[in-house]
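After this come two complexes, each holding subunit A, first together with subunit B and then together with subunit C.
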Partner chain A sequence: MLYRVIDDQELPALVEAFMEDYEVIAPVRSGASYAFHHVDSFDQIELDYTTTITSLKKYVLPPKETLFTFDADANEVTDFSLTVRPRVIFGAHACDINALNSLDLVFEDSRYRDPYYEARREGLLIVGISCSPTETCFCHLMEADEARTGYDLFLQDIGGRYLVSIGSVTGANVLESACNPREATDEDRIAFRQATRKRQDSFNKDIPDVQEIAMLMDAFHSDPFWDELGSRCLACTACSSVCPTCYCFDIADVLDADGRTGRRERVWDACTSPQFAMVTGGHNFRDSNRNRVRHRMYHKLNGFLATHDRMLCTGCGRCVRACKAHISPIEVLKFFEEKGA
Partner chain B sequence: MSETVSLHGKRPRVIIIGLASCFGCQLQITNMEPHLLELLDQIDLVHWQLASSDPLPEAFDIAVVEGAVTTKEALETLRKVRRRASAVITIGACAATAGIPGMASRDFDDQVESVYGAEVPVAAGSLVRPMAVSAVIPVDWEVRCCPIDPADFMMALQRFLTGSNRLAPTATLCGECKRNERGCFYGRGQLCLGLVTRSGCGARCPNLGRPCNGCAGVSPDANVAAARVLAEEAGVPAQRFDVALQLFNATNEDVCPSGAR
Partner chain C sequence: MAPITTENAALRVSPYHDGGAPQTGAELIAANPYRPWPARITSIQQLTEHEKLFEFRFIDENIRNAFHHAPGQFVELSIFGVGEAPISISSSPSKSGFIELCVRRAGEFTQRLHEMQCGDIVGIRGPYGRPFPFELMKGHDVLLVAGGLGIAPLRSLINNIHDERSEFGKVTIIYGSRSPQEVMFRDQFEMWRHRKDFDLYLTVDHPDDTWDGEVGLVTKPFQHLQVDADRTFGAVCGPPVMYKFVVQEMRNKGISYDRIYMSFERHMKCGMGKCGHCQIGHQYCCIDGPVFNYWEAKNIQGSM
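So, the complex of A and B:
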């Protein structure tokens, strides 16, 4: 990995350089919080943002997208075509880069390639940025606090300047063209060590560090804890709406007003939705909030690990904020701790 | 799963009638101007109460009903409609949940007396405690909200023209609201009924900065008990929550039990 150092005054030039060939998406203010949004100038960007309401998922898996259009009268389907505007995400936190890496494992699995996802993902550059944990962050417990792959540039704030990890040729070229990147000095390296140590020390210590989480999920599969958690669930699916790695979707045909032509749409779905596991004939394989909440936690903290060797939960803390019923992986970790784990 | 209306190659004969309501949902149909002709191309609109004083036709395929049941005459009309129609679609909150007229179901007799005095005028009909249409006859599809989204009405009609196995969603609203990337009214001391209200509208009121007032009705999968506790925790007294629920759920026994009336 190549490292260079740039001054913070060089950031506007870097963003402008990206704007020449890419749509720039960056964290902006949204009410009392933040959202990833299209920006037209560097001034709109809030690089010291805490976390956004929803994640970057929307740029690779939109909440609603047309898969193809059809003519019902002629019984014909039009060929799939998708024009993707090349984009750069400027200012992604490590947890969100890791989330995209997890989505890649699903949608770019060579056995079931998803051309819609791939097209959007291919046109996406990622510029990461270091951050300080909020009280709901637990990425370090999910091994998602460092982005090892999945970015073109990663900016580590080392006080008035950035240590830039260069992850791709495109990233290097834009950096070279817009800034005056210099070799890192010992002083830079020391500042980097201090910055990462400071971040590591800033995590909320009330969130317990539990070992063997996946194993414990199995061990406490039938514990009354899940009944209590389920009794609070509002069945609203806010958790999966904000989750950077909830990737389930539904597909439905929608007719145009003329009743002749229409489109096939893919929309986000959620395993916490009451009808998610309902099948023909009306049987529901997960017919209670308890079973649905438990299932979601299982996928985040156990199931994905078994197939992909990494936790699907990135510890970004969005569901912690979004769930009015205070249901989140943190509750599960606390439960394990109370059980003496 | 909705059955396609059997038409033998003909366009389905459709009637649109209104019971106790503001007629706003019928007006919403006229508001789909860009698509109105396309819609009329697919159906044979044989009766529209908003535009005609003719009696109900003898034969039709699809009945579109707006409004709540508040009179014996409405009960009769609905039974007649159900016998004649292959499919009954209701439009709007009044038809789906008894809506605003449903609020009169609490202390019904006292309410009638306070409005009309000792004698109810003949023009008001023979009043009965307000009810949702589905409390009187089986309903094939409900287009929810106050007022309806004309696009939802279009999709409802198309269910019976082409068939559809799509279910009415039962997840509550917050999930859709989060997709709009809005913050939450709770935590600002404001009450929002999205916690228990059926999704499907896209959370458009919260997206415009207004809390959900529950016009889609409480979801059958809502967790009202938990929502009351959470509202209380967020500084919204549960009693305020209960009162707010009455606006569109007054005749829902699970949500607004008559014991509390």
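So, the complex of A and C:
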């Protein structure tokens, strides 16, 4: 990996350079919290943000998108093309970059590449930025606190200046055109190590580190704990809406007013939704909140790991704040921790 | 800031060909895996009060020639404006140029399909899923157990075995239905029994005066079976409640965990391991299955 150092006064020029060819999406203030949003100037950006309410997944997997249009009378697909707007996400945290990397494993699976996702992903640049953990962050327990791939530039705040990891040719070109990147000195490297150590030490110690989560998910699959968690679940699906890695969707046809033409859409769906695993005829393969909550956690903390060698949870903590019933992976970690006490 | 737009050529979804250089059927299908291809209904056979057997042919010759399935696979069937449904293929792969789908009238989509006539057009994409291990089964005895509509995917395997009958040892079919009126493909199966191609056990829960087969659960005929466990493959498909009982009977006969194959029903909405609806534990029914062996199923939380 190539590293360079830039001063913090150079950031506005960097953002402006991206604005020449890309729509810039960045963290901005949103009420008491933050949100990723289109920005027109550097001043709108809050780089020292905590966690946004929703994640970046909407930029690669929109909540609702048209797959194609059709003529229902002729029962044929009609011409349709998708226009992708080139974008840069300026200021993504490591957990959110890792979440996009996980989505890539699903939607760019070589057996069935998803052309809609691919087109959006191809038009998306990522500039990451280092962060400080909040009370609900546990990315370090999910091995998602560091982004090793999946960005064009990554800015490590080392006090008044940034150690910039350069992940792509495009990233290098924009950086060189807008800033005066210099070689890192020993002083920069030491400052980076100190900043990293400070971040690692500031995670919420009340969230237990359970090494054998996946095995425990299998071992305690029938534990009454899941009945208790299920009894609390409101099936509101807020958890999967805010989750950066929940990618499940529904496919449905929508007819135009003429009743003849229409479009096939895919819309976000959630496995905690009651009818999610129901088949024609009415049989529901996950017929209770218990089974649905457990399945969601199981896929996050075991299932995805079995097929892709990484957890489908980045520890971003969004669901912790979104769930009105206090259900989250942290509750699962605490349950396992208490079992061993 | 001026809006920036780039049109992505890879995402053009045109009705037929783009008018450019000729493309093969495989290339056309690969260009957009969500795009269904028009297929015409060429035959409709009323099997029971609620079930019909539909024969479909792709209208585009390139697509027709590029479509190859294996027993146990399924397609996504489209009726535009109504939606899409996963349906297992009931015909043998050795008969090319058309596919047969056996469909029960059970919801809005299947109701609309049942109202369609010969010559009507639907959309089809696929085939999807891991099939029965047909090549592995060759040279062995096969014990097939179907319950109700579970005969639909198994019929593809049964017909395929019949097409290459000399490649297999003893083949036994146990097929349970609720009533004699709900038995499907009976004439075909009875004919093959008569010709000593297959051993056939038909069972029903509720017999009428004409019924001369077994009465009771689909597991009942097992008491008559002589199974050479070392050279037998099992294949099972039926309602969710049926699997554990049938599999136990097969285990009692000594058939190995990894030679008992089951086809599972789930709602495969995309068919490509993405939408999540068909997940069973850590597996996707659409790409890891729908056919799993018993050993695999035992290692999937919530499979049976």
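Please note the rule applied: the second predicted complex is superposed on the first by the 338 of 341 C-alpha atoms of A that agree within 3 Å, B and C clash if a C-alpha of one lies under 4 Å from a C-alpha of the other, contacts with A are read in each partner's own complex, and residues count from 1 in each chain.
Here is the rule we go by: contacts are C-beta pairs under 8 Å (C-beta built on N, C-alpha and C of every residue); 3 or more make two chains touch, one makes a residue touch a chain.
No experiment lies behind these values; they were computed from the predicted model shown.
Between subunit B and subunit C, more residues of subunit A are touched by C. By the touch criterion defined above, A:A35 lies against subunit B but remains apart from subunit C after alignment on the C-alpha atoms of chain A.
Of the two partner chains placed around the shared chain by superposition, subunit B is the only one that A:W268 touches, whereas subunit C remains out of contact. When both complexes are overlaid on chain A, the residue A:A325 reaches subunit B alone and has no touch with subunit C.
In the superposition on chain A, contact of A:F107 is made with subunit C only, not with subunit B. In the superposed pair of complexes, A:P63 makes contact with subunit B only, with no contact to subunit C. Looking at the shared chain after the overlay, A:L255 reaches both subunit B and subunit C. In the overlay built on the shared chain, the residue A:A235 is in contact with subunit B alone; subunit C does not reach it. After overlaying the two complexes on the shared chain, residue contacts for A:A72 are found with subunit B and with subunit C alike.
Taken together, the two complexes place residues 72, 252, 255, 259, 278 of subunit A in contact with subunit B and also with subunit C. On the side of subunit C, the complex with subunit A involves touching residues 1, 3-8, 10-15, 31-36, 38, 78-85, 104, 106-107, 109-110, 120-123, 239-240, 265-267, 269-270, 272-277, 279-283, 287, 301-302. By the touch criterion given at the top, residues 30-33, 35, 52-54, 63, 72, 231-238, 240-242, 252, 254-255, 257-259, 268, 270, 272-275, 278, 289, 322, 324-325 of subunit A touch subunit B in their complex. Residue ranges of subunit B in contact with subunit A, taken from their complex: 32, 34-35, 38-39, 41-42, 154-155, 158, 161-162, 166-167, 169-179, 181-184, 186, 194-196, 199, 219, 221-223, 226-227, 230, 234.
Across the complex, subunit A meets subunit C through its residues 19, 21-23, 40, 67-68, 70-72, 74-86, 106-107, 109, 111-116, 118-119, 122-123, 218, 221, 247-253, 255, 259, 262, 264, 266, 269, 271, 276-281, 283, 285-286, 291, 295, 298-299, 302-304, 306-307.
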